[in-house]
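There's a structure below that I have some questions on.
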Amino acid sequence: MDPVVHLSNAVAVLGQFPVLAGVNLTVNRGEIVLLQGPNGAGKTSLLRLCAGLLPLARGEAVLLGCDLRTQREAVRSRVGLLGHANGLYADLTVGENVRFWGATVGASKPEVQAALQRMGLAQRLTDVAVSRLSAGQKRRTALACLIARRAELWLLDEPHAGLDAAARDELDATLRDAAAAGATIIVASHELERAGALATRVVEVVGGQIRTPYGEVA
Amino acid sequence: MATPDIETSATAASTRAGTGTTFTRFVGLATIVGMIALGVFGLLLSPADVQQSDSVRILYIHVGTVWIAYVAFAVTALSSAAYLWKRTTSLTWDRLAGASAEIGVLFMALTLLAGSLWGRLSWGKFWVWDARVTSTAFMFVTYVGYLAVRGLGGSHQQRARRSAVVALLAVLEIPLVHFSVKLWRGLHQDSSVADRTHVNLHGLMLFSLFISLIAFTLLYVWLLMHRQRVLAMQDAIDNTGLDYALQQRRDEGDL
Amino acid sequence: MFRVARLIAAKDLRVELRSRVVTNQVLPFAAIVMVMFAFALNSDAVVSRVAPGLVWLATLFSLLILVQRSFAIENADGATDALRAAGVDPSGIFLGKAMALAVQLAVLELVLLVSAVVLYSTELRVGGIVLLLVTFVAATVGLALVGTLYGGLAGGVRGRETLLPLLLLPVVAPVLIGATRATESALGTGGATVADGWPWVGLLAVFVALFSVGGTLAFGPLIEE
């Protein structure tokens, strides 16, 4: 049992609104956790908190062995967030984007190449400008950047949005492979059907908190 | 880097209804007395200047407002530094900086206005391009920008950190501006405001000036205390709102 | 920090090479501004006399656009968030973007100088070339540093773009004064000698020193959300 994420009564605010109202969550290495819940429940905020983008207002948060309050930088460099936006530079090619993000952690050329290969981008798409890609291809590029950055914890916000059925299945396969290779993945998604195929655990987020499987709030 | 806890409404400012206390009432009273004294001495008892006749009386207001404006900005800069220094979680420094900047901007505007009027009356021009006047105007604009940054939104801590950094950058920049303008006008061999103000201050005139400084300082302190408390109350309202919202949010989950 | 800076600078310049926004849009804008000055001032003699000032004014106006662009490419697809989320050193981001901005500014200033020679009959004096070069370098670096600093706070974010001119223009006033006087000395405009120009370069150097340190320290807190 290697807890990668441990949140205890975590509260976070956006402006003056408490997006997370006391979250208790533990995620172990190699798990794929699916966050489900209605809009506005706090799924995105939970991901952003774990990415170190949203400051912790109350409670405790330990990620990858680092306390989120005091070691935010350390947490950030080892966590990869894929939000609604892709974080890509539209004018650069796929290869250049992945190389850039890999270079932020000093990744070597073979590593970058491996990342491109794992996402199926190494053949035709490496030298295509991101602006000319489809939504699914952009998603894959963003994931390749995560891989190149050697992220240990993947936080994905609605990664299936805008993808067709085949692309979704591919994405699920990629995520399962990544988890098998040691990454820990938390996915926020509306897709209930994905649960079986993808996740090792489903967690429901309601009203800024985690609800246990039996309907009580944790 | 410690992320401070959000304030609970209990830890924030006073729970009293208004922002007045015995101290502020005392200060307020002293201010009124001071201002009356200033009026009496400035307008009535002190003599008109030999060269400038009655227009010199504007000086009593003008010097007072300039003094306060500079003090206010110094307070803002120091408070900002204090906020960042110990990573204190106390937002009092931040509110102090903000309140002081607001007062400073106000008095700076008054200064520029009064100075402009005086210039017009004394030597026929509304504006001179000398170092002091120009950098004063720049300070004014810079702090208007500072207030705009304070209004950008976000949590109280974000606001505090951001504006503290901007305030300290302003401290860096203002002397540079002053110095460059000084060098610049030096080329033109213009007489500076200091040269033109051959006002011989003595006796009652000097005394009136001192009264002005004291009266305005009291006014500043009074305004600062009240304004800072109002800001604290505003933050407290936000926090109370937060506790309430937190409860509402939690209730969302129970069904 | 410097490794990150080089990485970011290379990335910014590569984006510009691909998109050509500066070359296709900002440079023509700057040239048009120079033409507009001539329209407004309505006198060849006056324009020749104030040419250095006009060059630097046009630079400042273009700087605002360049800074907005520099940060717009980050905010377009959430890259700023991604950079922060990745824990990339903010000081490195600051220096990198400043370097890229400096390169773009340098190209811009060259174009403006050429425009001045062409449109305003400005003459370059051989004796003043060194002064001219040093002035341009110092001013460019200074503008790039403060542009990036305040751009981080106000640039490229919807709803905040109007804040950038308000914050930036007062800060760059010393650069405008210093660079213009030094350029006048270098070109001999209005009888200024080369010797007069060097103190102004000193002013620019102080500006650069202060804001390289100040900016490196301040950039991180300013981009933090």
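We call the chains A, B and C, going by the order they appear; numbering starts again at 1 in every chain.
We adopt the following convention: contacts are C-beta pairs under 8 Å (C-beta built on N, C-alpha and C of every residue); 3 or more make two chains touch, one makes a residue touch a chain.
Because the structure is a prediction, the values reported are computed rather than measured.
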Centroid-based (C-alpha) most distant chain relative to subunit B: A
Most centrally placed chain - per-chain CA mean versus overall CA mean: C
Inter-centroid spacing, subunit C versus subunit B (mean Cα positions, whole Å): 32
Inter-centroid spacing, subunit C versus subunit A (mean Cα positions, whole Å): 38
Between subunit B and subunit A, distance of the C-alpha-averaged centres to the nearest whole Å: 47
Shared interface positions of subunit C, touching two or more other chains: 225
Touching two or more other chains - residue numbers and ranges from subunit B: 154
Multi-chain contact residues (two or more partners), subunit A: 73
Residue numbers on subunit A that touch subunit B, as the complex places them: 11, 13, 15-18, 21-22, 55-58, 68-70, 72-73, 206-209, 211, 217
Subunit C - residues contacting subunit B, complex: 149, 153, 160, 163, 166-167, 170-171, 173-174, 177-178, 181, 199-200, 203, 206-207, 210-211, 214, 218, 221-222, 224-225
Of subunit C, residues touching subunit A in the complex: 3-4, 7, 11, 14-15, 18-19, 73, 76-79, 81-88, 225
Subunit B - residues contacting subunit C, complex: 138, 141-142, 144-145, 148-149, 152, 154, 158, 161-162, 165-166, 168-169, 172-173, 176-177, 179-181, 183-184, 187
Footprint of subunit C on subunit A - complex, ascending: 51-53, 73-81, 83-92, 96, 100-101, 103-106, 129, 149
